[in-house]
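The two complexes that follow have chain A in common; it is paired with chain B in the first and with chain C in the second.
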Partner chain A sequence: MTAAVRANRWLDAAAWRNLFRDRPLIPLTGLLLLLVITIQIADPGIVTLPWWGVIMRASVPLAILAGCQTLTMLTGGIDLSVATVASMAGFVTATFVNSPGGWVQGMAVALAAAALAGLVTGIGVGVFRVHPLIMTLAMSFVVLGFSNVWQLQMVQTGAGVPSQLRWVGSNLLLDVIPYSFLVFVPLTLLILLGLRRTGYGRLLFAIGDNPIAARLSGVRSPQILIVLYVISAVLAAIAGLIISGFTNTASVSLADTYLLPSVAAAVIGGTSIMGGRGGFAGTIVGALILTVLTALLTVLGLPEPTRQIVFGSIIVVVAAAYTRVTGES
Partner chain B sequence: MTVTADLLLEATGVSKTYGAVVALKSASLAVRPGEVHALVGANGAGKSTFVKILTGVVHPDAGRIVVRGRERTAHSPAEARRGGLISVYQEPSLIPDLDIRANLRLTETPREPFRHWLGELGLRDLDLSTLARRLPLASLRIIDLARALAIEPDVLMLDEMTAALPANLTERVLDVLGRVRGGDRSVIFISHRLIEIAAVCDRATVLREGETVGVVDVTAGTEERIVELMLGQSVEALSARTAAVAGPESRARAATPRISARSLSSGTRLNDASFDLYPGEVLGVVALEGQGQDELFDILAGSERPRGGELLVDGKPANFRHPADAIRVGLVYVAADRAEALLMQRSIRENIALPFSSRLRHWGLIDLGREREKVDGAVATLQIDARAGGEVRRLSGGNQQKVTIARWVAGGVRTMLCFDPTRGIDIRTKTQIYRLLRDMADAGAAILLYTSELKEVQLVCDRAIVIFGGRVVGEVSAAEGDEPTLLRAAYNLRSESAVPEGVAAMLASTSSGADASTPAGPGPSEVPQ
Partner chain C sequence: MTAASVVARRRALDAVAPWARRNGWTLGLVGFLGLLLVYTKLIQPSYDSSGIQGLAIGVLPLALAAVAQAVVVMSGGIDLSIGSMMAFTSVVCATMMKGQSQEFAVVVVLGVLVLGIVLGAVNGALVVLTKVPDIVVTLAMSFVWAGCALLVRAAPGGAAAEWLRNLVLGSFISEWIPKSAIVLIVIVAVIWIPVSRSRMGLSIYAIGSNRLAAFRSGIPVGRTKLFAYALTGLYAALAGLSLTASTGIGTPVPGPYTLMSVAAVVLGGVSLAGGRGGLFGPIVAVVVLQVIRTDMTFLSIDSNYAYVAQGLILVGVLMVGSFALMRRSRA
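Up next, the complex of A and B:
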């Protein structure tokens, strides 16, 4: 009798749906653990503390870039310029290593350039109402162009990834904790707190949920969008610095491969691309899921095309599951 | 009750729960062959959920639906259609960029019967090669109905189909329905207008709080009974305030007007609107659809800038570039369309706190304690049912409307602009909103209230202005603002006989039914040829 009742509860689709909708972190963490268990079965003994360290280290830049997507997607936008902005930041910093100001000046210039790009994007999206998809895509070409110009100017001076960035990007404390957490943890706290507890965070949700209602309530969305795209570009630049330290390379196309995974991580993490729904905690788990999934597919020794197909399919399945549970039922 | 075998459609014990909210507890419906059966209930009674279940859009948690003696489990509207149940909604389901002929082909509608019913409904001369989007909305609704009739369904369900039809077309529809009945086909008729139900329906099933609370044979005078069943209480409560409208006018007139509009104009609709709104009064705005009242409210709310004229707020000229400017000087706007006002995926709390917690310049953390205090205060004042408060879209229509008002109440109201705030919500919520508006005015706020339900003028307003053709053409005090007077004024008529016949007839019977919305219907221009 009790067993039957319990079985019923387990099979109750509506209860699962509600869980998925109201607490997406629980099923997401479940999916993550499932992947970890699978990889442990596929290659017994692989899951150790150092393995986790490597996974986290690889996830940090992805999570930050996915944070850019999360913030912009909350307002119903997207930021396709994160990859080129990130590459630009790493590259510009590297070109300053031999200059008098050194890598610190390089970072300052890189962040300022990113902020400028974000400002222009924000004005385009907020004031001139260009669709974010178009605006950020166009901006990514512009940034790439400037990066190339900079590359031609700087080809003589020589460049190298500063050792400090290499340390932050690739070293692990006690073989477990990546030093990039020094940057990532404060950023995460800032974003989580910002989204949940500040007026600005609420406004991002409001604009994405219903721009008309927000306007009628006295919200001036252009200002908010300008600030948003500046924040997004600066975050992308920070991620770019970490990536260049992690890979010990600096090139104008360094972060290109991160672009689509950053969108995927945000979507898997439960942020709606239509706006108004989501958060950064889910995005972080989403980034971990993608990293572990990549590791798993490598361990399984699948050929590259198969990996791509599996990777894509899982994203589709998770996204479809969200649509089912969050849609009108 | 009749024997089951005699019934064309029978639904018993239907229930549906959304999270913590019970939308339907135990709904039943029994439709006999050849009858027109009304399904009525205040908003939040579960009517829309029940309809969605019957048409296969939503799956019930429990309950049986039997059509012609066979149990049916429709998993989609298409299956329900094949099972012989066809619905016509308020919004016509025609594809705008196809012509009518192509639209008919999509649904495999037989041409000749369609033509026949179209003629019956008064659109004999329709050119089938017209693109759907080029036709007036009213015609599209008629086409939608003719299309459904042509398929000869066992059960035809009309869901608020007449709600936005001009009076003459409504009469035609009712007339046709009267003739469809008979044989073994039936109609389920859903409408807020009790007068229409009295005109065509044989029986009515009444829903309240998710349960079928009664089935009545419709005869003369059953409107009262239906309203009582819907309310679960006596009707008197509604009219309780009517007598209390005393002379705040003298008190009000002494002060500086909160709003002075001087010859405001906008677009082609609003030409010359002048009026004063004083602190401590509820000023009604009476107008037929499309007389410029939308434009007037847009100007006052800061959404649009006027083409001409002057607007004074507290005696000072106001020039709004954004709704934020209007809000800063205390003009807050409650929209009729809740989809325009609410963040549907966000919580009640975030929705109410939107104007005061969400400030860009407010970089620090939100003081959650103070916010909760304000929000809880507003929720209590408006008696919002906050059980499904995690997402506003899960609330009933009436509760949603309360949230849009609570947002401003939480911050303290100086001047509130309400555009038809009680449209499409149940009587109980309406009554609560009337009381709230009165209380706010008595506390010194100024309220401008556009209403499409003329009887609201006497229930809440101190006086009303009438807008016709983009001009303020008159002012009526609440004491003399009964429905016939207001309607004549709204049509800009002087003599009683000039009220169009259909409207007058409806009006006469409307006064007895409390929920029958008065057809402040579209002007003659919108009636299709």
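Up next, the complex of A and C:
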């Protein structure tokens, strides 16, 4: 009899569904492994420790930017200004290389500028209740404009990515562990613990789940949101520094291609764009999935157009599977 | 003054006042546009009919993109694949027209419009069937349509039929009335007026303002949503055609139209929450943004500040708008 019960449990769709809903990391990791196995079959011997190092190095900036989306999406928002803020940070830092203050001063200026942009966004979203989508979009226009102006001002001084950033962004320890983990691991711990263990993190979930209930229970949404968008902008700036080190370029449109994938990574990672559900751990796996997927499509030798089509289709399929499994409409 | 005339005048006022209140935002925009044009004439006395013509041709693609976005936003959705659909339809059009006769070009245009409806319907069907949030589906589909555009041609090229180019270039009757403005008005009116007067148009607003209530009143929510997306696809195809018509070629890389269309829709008084707004407001908003750009060129302000200005105007208008809304709801 016990055997029969056990067999039933394995076949019980509801139990599986609950598992997937409560522990989204399990199916996500499964999908990631499936992709890795496929790439290994497509090109035997490609999956080695250095290969993982390269994948992780490429995933780090995407995961941080997707972290911005995760945090804002938890409150029912979104941050479309991450790409321009990230590019701005990398670019501004690069223009300070030849100045007396050096790149450290540049980094300080970049982070301060990002925080200021986040503050304005936060005030717009939190105090004036402007839709986050449109507020962050407008902020991305403003930041892009100012970056362009800064570029014209700085055209004589010349710019270069500081070697320290290049080291952090592109070098691997023992060919496996990217040095960007020096930044990424503390950030990850901070976000994970911040979301799970602090009151602030819980309030983010509360605002996203039911803003009215949150307000009636005395949550000061404006303050929470202002801090949130400052955090998001600073995270985006850090990601931008890593991207400019990784690619060894500094331009005002450097991170533009990361914008849509960052939203996609957060969505694939199980964060609901409606707010109230999700987490950063899933997002990291989501970023890894997207990076491995891109690598797989390259290994398969598909031309760029087909790659884009497959990429988009897979995002739809995964998101649809998610919605089906979790039963959320 | 007799009592009768006072009553008559009050009646007229009573009829106009609600209309003005309902369309207050758009009226304000039109007024602002008028002021801007006067200001343009003041700072650049040589700004005349040719300037107006350039303006009308310049705004055509974005205005149609904004109309496309407005339809789907009113139904409570959002379409982040408009730019990619425009690129796809534009390259299909330019590629098929290359080296073909003028008559064949008519078939191409009709085919491209059908293609637009199909693209939009695919977006809508995916949103309805998968129940994934609109923004995620259309974001992913923007990759797919952009990929399709690159499949059709890897580099900008192709050609546009002579009559298609002449449709948007030049003026009509008076040199103050650019053809592209007429084209825009006709396209929007011919498609949108019958739709908005029909049951389907009302249903689009209904599912936008309250999905559940619409469903319980017997409105086929899924079918209406599909229709709204298909209509968005049609307008995106028209926007793509206008790109080919005004440039003479097809470019496979999506321009900044997706995000700009969202901005224009919001500036045009369409609520991102759905169920409110019209198509006229977004068009006026696109023209306003373009005139501001032109003015900054005349004032020889660094063109990069135009981006800053665009963003600040967007932020400022929205902050004032939502502030006014908050005060009204409190009062």
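What we mean here is this: the second predicted complex is superposed on the first by the 316 of 329 C-alpha atoms of A that agree within 3 Å, B and C clash if a C-alpha of one lies under 4 Å from a C-alpha of the other, contacts with A are read in each partner's own complex, and residues count from 1 in each chain.
The criterion applied here is as follows: a contact is a pair of C-beta atoms (placed from the backbone, for glycine too) under 8 Å apart; a residue touches a chain by one contact, two chains touch by 3 or more.
The model shown is predicted, which means the values in this text are computed figures rather than measured ones.
**Student:** Who wins on chain A residues touched, chain B or chain C?
**Tutor:** Touched residues of chain A are more numerous for C.
**Student:** Figure out whether A:199 sits in contact with chain B (first) or chain C (second), or with both, or with neither.
**Tutor:** After superposing on A, A:199 lies in contact with chain B but is clear of chain C.
**Student:** Touch check for A:273: first (chain B), second (chain C), both, or neither?
**Tutor:** Second partner only.
**Student:** Going by the contact rule set out at the top, does A:313 touch chain B (first), chain C (second), both, or neither?
**Tutor:** second
**Student:** Check whether A:68 is in contact with chain B, with chain C, with both or with neither, and answer first, second, both or neither.
**Tutor:** A:68: touches no partner chain.
**Student:** If you stack the two complexes on chain A, which partner ends up touching A:219: first (chain B), second (chain C), both, or neither?
**Tutor:** first
**Student:** Considering only the touch criterion stated at the top, classify A:287 as touching first (chain B), second (chain C), both, or neither.
**Tutor:** In the superposition, A:287 touches no partner, neither chain B nor chain C.
**Student:** Residues on chain A in contact with chain B in one complex and with chain C in the other?
**Tutor:** Comparing the two interfaces on chain A, one with chain B and one with chain C, the shared residues are 328-329.
**Student:** Which stretch or stretches of chain B touch chain A in the complex?
**Tutor:** Answer in residue numbers: 18-19, 58, 301, 303, 322-324, 327-328, 333, 335, 339-346, 350, 353-355, 357-360, 362-366, 368, 390, 393, 407.
**Student:** Which residues of chain A touch chain B in the complex?
**Tutor:** 18, 22, 193, 197-200, 202-203, 205-206, 209-210, 212-220, 223-224, 227, 272, 276-277, 328-329
**Student:** Where on chain C does chain A make contact in their complex?
**Tutor:** By the definition above, chain C touches chain A via 78, 126, 129-133, 135-137, 139-144, 146-151, 154, 259, 262-263, 266, 272-273, 302, 304-312, 314-315, 318-319, 322-323, 326.
**Student:** Hey, which residues of chain A end up touching chain C in the complex?
**Tutor:** Interface residues on the chain A side: 78, 80, 120, 124, 128-131, 133-135, 137-146, 148-149, 152, 260, 263-264, 267, 273-274, 304-309, 311-313, 315-316, 319-320, 322-324, 328-329.
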